[in-house]
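Before anything else, here is the set of structures, which you'll find just below.
In the two assemblies presented below, chain A is common to both, partnered first by chain B and then by chain C.
This part shows the complex of A and B:
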C-alpha cells in the first residue's frame, strides 16, 4: 500500500528533494526526448502520406485532396478533441504567461494528427508549430504529474518547445533560442540551462531515428561586399513579403468567419482553392521543403516572372490554408516564401546589373528565408540561428544578420506585434515576465483587502460616530443597513471634517445624511488593472470591496503599492 | 522553532493567499506536499534577505516597543494623595509648598519638579479656568516614575494664576506621567470631569478624600460607558 501511494505521488520521492536545478535538468532530458519523438512521428507520418498520394498527382480531381484533408483536420479538432483551429503557439505563450504553463494533455497529440491531415493532403502549412504545442503540452503534463510548481512547469514547457524545434530541424541552437525568445520571453539561467539540455535531447533522438543530416545542404558561397549591400534591398523585399503574409492571413481569417458555414466546410473551401492553385503551380503544395532544397542548390531554373508568381502564389496558398481553418504552422511556408523571394530578388538583380558577378542564387534564397522567419516571428535570433543550422552555412552569417535585423525592425515598424503575439496583444493577454501587466495579473483583489474598517449604520447620530472615529485607524467608514447588513455607502473623513468640529450638528445629523452613496465598488474577482483604472479615473485612493451586497474590506493604493513592490521584487530579481 | 504558513505570511507582512500563490508559482522556497508545507526557516530568512523583503517575527516586533497600559484617574489620584490648605500667595510659592508636601517624591526630584513646573508656567499658565489649574512638567521627570501620579492640592486661599478666564485658582492638580501618551490620556479624562460645573462647585467645598474619590469613580464609569 505504501509503495503504491508513493507511486501515485511522485512529488514525495526523495529524488525530487534534491537540488531544484538538478531535478529540472533530469526532467528536461525526458521532456526533450518525448517532444523530439513527437516531431519524428509527425515527420514520418507526413512522409508516408506524401508517398501514398504521390502517384495520384496526374489526376485532374487532385485539387479536392487538400480540401478533404483540411476538412477532416478541422472536423477532428472541432468535434473529437474540441480544440481551437490554428497552430497553437499563441495558446502556449498565453498559458505560459497566465496559467503557469498549464496545457491540456490532448494538446500533445491533437495538433500532430490535424496538421498531418492538412499538410499531408497538400495544404500549404508547416509541421513545426503543431510540434511545438505538442512538445509544450508534453512538458506541461510531465510537470503536472510530478506536481512541480509554476516556475518549473514554465521551464519544462519551454523545454518541450525547444526539443520539438531542435528535433524537427535538427537544429539545437535554434530550438533553444526559439523557446527562450518566443515562448518564455525571459533570459534567465534557470530557464536556459534545462532548455539547452532539452534541445540536445531532442536533437539526439531525431539523429538516432532519422540520421544526422542537414536539411538544406548547399555548396560554398563566395560573398563579396556588393552582395552585402544588396542584402539591404532583399531585407526590404522580405519585410514586404512577411507583412503581406500577415495581413493576408488576418483578412482571410475575417472573411472566413463571415461565411455562414460550419468550420469544416470553410476549411474545405480553403483547401480546395489551394488545390486549384496547386494544379498550375505544384510548388505551393505541402510543406514545400523540396522547393527550398531546389532553390538553395540552384536547381530552380524558372525565370523571374514564374518565380515571382510562385512567391505570391505561396503566400496566397498559405493564407488560404491557415486563414480558412486548416491546421499547421507558419515556419515551413516562411522558409519556402523566403527562398522564393530571395530567388526573385536575385533574378531581378541579375536582370538590372548583368555585369556584376553576384553570388549564386542559392545564397539569396537562404538569406530570404532568414528574413521571412525574422519578420514573421519578429525574433531575429531565432531567424539567424535557424538558417545557419538548417543550411550548415556559417559563411553567410554576416549578410544573414543584416537581413534579419533590418527585416525585424521594418516589420516591427509596420506591424508592432509579431504574428504569434498579435491576437494576444489585441486582447491584452501578452504578459511577459517582469512587466506591469504581469505583476497586476498575478496579484488579485483578495490579497490586497484591508479588513480593519469599522462599520457603522445609517441611523447613527454624528455624536456616536465621533466616538467611533476616536478609536479607528482609518479614514473610511462603511455604512451598512441595520437589518440586512447591506452596504449602503461610505463615509470618508475628508468629506465630513468640517462637521466634526461643530457640536450643534452632533445630535442633529444622521450618518445617512452625510454618507457618500454613489461610490464605485470593487468585487473580489475583478481584474486589478480595471480596479486601478477606476481609481485613476475617479481620483480615488481607496475603494470598498463588496460581495453579495455586503462590505468585506477596503482596497487602497497605499497597500497596493506595498504589495506591487514586493511582487515586482520577487518576480524580477535574478535567479532563485 | 516551528512556524506555520500563517506565521510566515505575518512575518513577511503578506496576505496568506499571496504566500500560497508564491508557493504555487515557485517563487518562495516552500514546498507543498499532499498534506502540508515543507520549509526551512533559516532558508526562508536567507531568501527574504536576497529579495530584500522584510522578514520580522511578530513577537519580536511586539517586545521591542514596551506595552503601555493606560491607567485611570482614580489610581493615579490615590497614588498622588489629596493635600489640603496649601499655603502661598502667588504661583511660585503655591507650587513650592505643594511640591514640598507631595509624599511620593524624593528630595532631589522635588527640586527638579519645581523647576520644571515653573518653566512650564512661564510658557503659558496651566490654569484651565473655573478656578482649576493642572501644573505639569513639559517632559517626564528624569528618574522616571513607574506609574502616573496626580496630586490634588486645595489651596488655603485662591490665588491669581493668570488663568485663561482670569478667575483665581483654588485647586491644583499636579499631573506627573512617564510618557506623553499617558499624560494626554489622563488629561483628556480629567478635562471631561472639569467640564461639569457641578464638579467644580463640589471641589469648592474642599471635600474629604473619600467623597472626592467616590465622585471621581462616578466620572470614570461615565467615561467608560461613553467609550464602549
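This part shows the complex of A and C:
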C-alpha cells in the first residue's frame, strides 16, 4: 500500500527532493511521448480519411462531404464529449493564465477525433491546434495525477504542447519555441529544459513511427540583395493576408452565432460552402500540404490571377470552416495561404520587373509561410524556426527574419492581439506571469481582509467613541446598527478631527451625525483590479468589506501592497 | 456570517426541496447562501488540483424565466437576503467558470443525471468528483425537505473521520444543536478509539460538544444505522483507510448513504477542518 501511495506523490521521492527539476524532466519525457503519439494518431487518421475519400472527388455531390464532416465533428464535441469550447489553443492559454494549467481530461482526445472528422472530410483547417490542446491536456492530467503544484503543471502543459507540435511537424525547436513564446509566455530555464526534453521526445516518437522526413523539402535558393529588399513588400502582403484572415474568422464566427440554428447545422453550412469552393478550387480543401509542397518546389504552374484567387479562396474557406463551427487549427491554413501569397507576390514582381533575376518562386512561398505564421500568432520566433525546420532551408534565414519581424510588427500595429489571444485580451484573461493583472488575479479579497477593526454603533456618544479610539491603532471604525448588526457607515478619523478636538461636542454629538454613510464597499467576490480602480477613483486608502449587509473587515492599500510584493516575488522567482 | 454555501438552483419541485434544505442548513450554522441559477447546462469548477465539468441535468434550465423569482421567494420567506452568483469568467463562450471559494456546497445526490435516478445508494459521478476535489464539505440533501434537530458524526478513526468530527464540533458550537458520535466497533476495542481521540488532543472538545458517543456493536453497519435519529444531520468522511482511498468512496460511506435518507454532510480528502 505504501508503495502504491508513494507513486502518487513522486515529488516526495528522495531523488526529486534533491532537485525537483529532475522530476519535471522525467515527467516531460512521458508527456512528450504521449503528446507525440497523439499527433501521430491524428496524422494517421487524416491520411486514412484522405485515402478513403480521395476516389470520390470526381463526383459532383462531393461538396457535401465537408458539411457532413463538420456537422459530425460539431455533434461529437457538443453532444458526446460535451466540450462546449472553441479551437483549443486559446483555452490552453486561458487555463495557463488563470488556473495553473488545469485542463479537462476529455480535452486530451476530443479535438483529435473532431478535427479528424472536419479536416479529413475536406474542411479547410489544420491539425496543429487540436494536437496542441490534446498534448497540453495530457500534460495537465499527468501533473494532476502526480499531485504536482501549479508551476510544475504549467510547465507540463507547455511540454505537452511542445511535444505535439514537434511531433506533427518533425520540428523540435519550433515546438519548444511555440510552447514558450505562445503558450507559457515566460522564458525561464525552469520551463525551457523540460520543454526542450519533451520536444525531443515528441519528435522521436514521430520519427520512429512515421520516419524522419522533412515535411516540405526543396532545392537550394540563391538569394540576392534585390530579393532581400523585395521581402519588405512580401511582409506587407502577408500582414494584409493575416489581418484579413483574422477579421474574416471573427466576422464569420459572429455571423454564425446570429443564426438561430443548432451548432451542427451551422458547421454543416460552413462545410458545405467550403465544399462548393472546393469544386472549383480543390486547393482549398483539407490541410493543403500538397499545395505547399507544389509551391515550394516551383510546380504550382498557375498564373498570377489564379494564384491570387486561390489565396483569397483559402482565406475564405478557412474562415468558413473554423468560423462556422468546424474543428481544427490555423497553422496549416496559414502555411497554405502564406505559400500562395508568396507565389502571388513572386508572380507580381516578375510581371512588373521581368528583367530582374528574382530568386525561385519557391523561396517566396516559403517566406510567405513564415510571414503568415508570424502575423497570425504574432510570434516571430515560432514562424522563423518552424519554416527553417519544416523546409530545411537555413539559407533563407535572413529574409525569413525580415519577413517575420515586419509582418509581426505590422499586424501588432493594426491588430494588437494575436488571433489566439484576441478574445483573451478583450476579456482581460491573458495574464502572463509577473504582470500586474496576473499578480492581482492570484490574490483575492478574502485573503486581504483585516479583521482587527473595532465596530461602533450609531447611537454611541462621541465621548465613548474617543475612549475606543484611544485603545485602537486604526483610523477607520465601522458603524453598525445596534439591533440588526447591519453596516451603516464608517468613521474615518481624518474626517472628524474638528469634533475630536472640541470637548463641547463630546456629549452632544452621536456617531450617526458624523459617520460617512455614502461609503463605497467591497464584496468578497470582487476582483481586486476592480477594488483598486474604486480606491484610485475615490482616492481611498481603505474600504470596508461587507457581506449580507454585515461588516466583516477592511481592505487597505498598505496590506494589498505587501501581499502584491510577496506574490510578485513568487511569480518572478526561478524556483518551482 | 461571512461563510458561504454554494447552491445550484434547479427550478423544479425537487430543486425547491433542495433549496429549502440549503436555507435551513444556512440558518442553523449561520452562513450565507449564494445561489447560482445556471443559464447553460455546462459549467466548470476549478479546484486546487482538478477541474470538474458539471453537465447539468436539463431540468436545471426548466422555466428559466421564473427561476429567479422562485429562488428569491424561497430565500425571502426564509428571511435570507438573496445573493446570486453571476459567473465572471468563461473558459469558452458557453462554458462559465464557477469559483470554488466557498465553505460549503449543497446539492442533491445527482446533478448530471435524470432526477428519476436519485435514490438511496446512488450518488452521481459529478457529485463524487466534487466531494473528492473540493476544499469544502458537501451537503447532500434528502429528497424532501427535512429539518434536523441533532448532528450525528460517524467516526472511524481515519484522517477524514477526524475532519468530519471537527466539522461536527464546529456545527455544534455555532448552532447549539446536540451532537452525537457513532463508531462501529469492528475488530477494535472502544479504548482504541478513545486513545485515537486522546492522541489527537480532542478530549476537551469531545467532552464539551458531544452528547453521547455511541459504540455500535452489531455485526454489520446496516444493522446499526437504525440507532441514528431520523432527524439528524449525518456528518461523515468520504474516504476511509483502504488502498484506493483517494479513488473511490469508503465502503462504510457507501453503506451509510445506501441505507439512510438523512441529510448528509460529506467531508472529502482535500478539506482541512478547523473547529
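Just so it is clear, the second predicted complex is superposed on the first by the 553 of 576 C-alpha atoms of A that agree within 3 Å, B and C clash if a C-alpha of one lies under 4 Å from a C-alpha of the other, contacts with A are read in each partner's own complex, and residues count from 1 in each chain.
Criterion: a residue touches a chain if its C-beta (ideal position, glycine included) is under 8 Å from a C-beta of that chain, and two chains touch if they have at least 3 such contacts.
This is a predicted model, so every value here is computed, not measured.
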* Asked: Since both structures carry chain A, what do chain B and chain C do when superposed there: clash or fit?
  -> fit
* To do: Return first, second, both or neither, reflecting whether A:446 touches chain B, chain C, both chains, or no partner chain.
  => both
* Would you sort A:533 into first (chain B), second (chain C), both or neither based on which partner it touches? => neither
* Asked: Where does A:144 make contact in the superposed view: on chain B (first), on chain C (second), on both, or on neither?
  -> second
* Touching A:570, do we find chain B (first), chain C (second), both, or neither? -> first
* Report for A:497: first if it touches chain B alone, second if chain C alone, otherwise both or neither. => neither
* Asked: Between the C-alpha centres of chain B and chain C, what angle is opened at the C-alpha centre of chain A, expressed to the nearest 10°?
  -> 60
* Asked: Touching A:98, do we find chain B (first), chain C (second), both, or neither?
  -> second
* **First (chain B), second (chain C), both or neither touched by A:427** => second
* In the overlay, answer first, second, both or neither for which of chain B and chain C A:525 touches. => second
* Compute the least Cα distance separating chain B from chain C in the superposition and give it as a whole number of Å. => 7
* Asked: Shared contact residues on chain A for chain B and chain C?
  -> 147, 444, 446
* Residue ranges of chain A in contact with chain C within the complex -> 1, 4, 8, 82, 84-86, 91, 94-95, 98-99, 102-104, 106, 144, 147, 427, 429, 444, 446, 524-525, 527, 547-550, 552
* Complex contact set, residues of chain B against chain A -> 12-15, 17-18, 21-29, 32-34, 47, 50-53, 226-227
* If you look only at chain A, which of its residues touch chain B in the complex? -> 9, 11-12, 100, 147-152, 442-444, 446-449, 467, 470-471, 562-563, 566-567, 569-571, 573, 576
* To do: Would you pull the chain C residues touching chain A in the complex into a rising list?
  => 1-2, 4, 32, 40, 42, 44, 46, 49-51, 53, 55, 81, 83, 85, 88-95, 99, 101, 243, 246
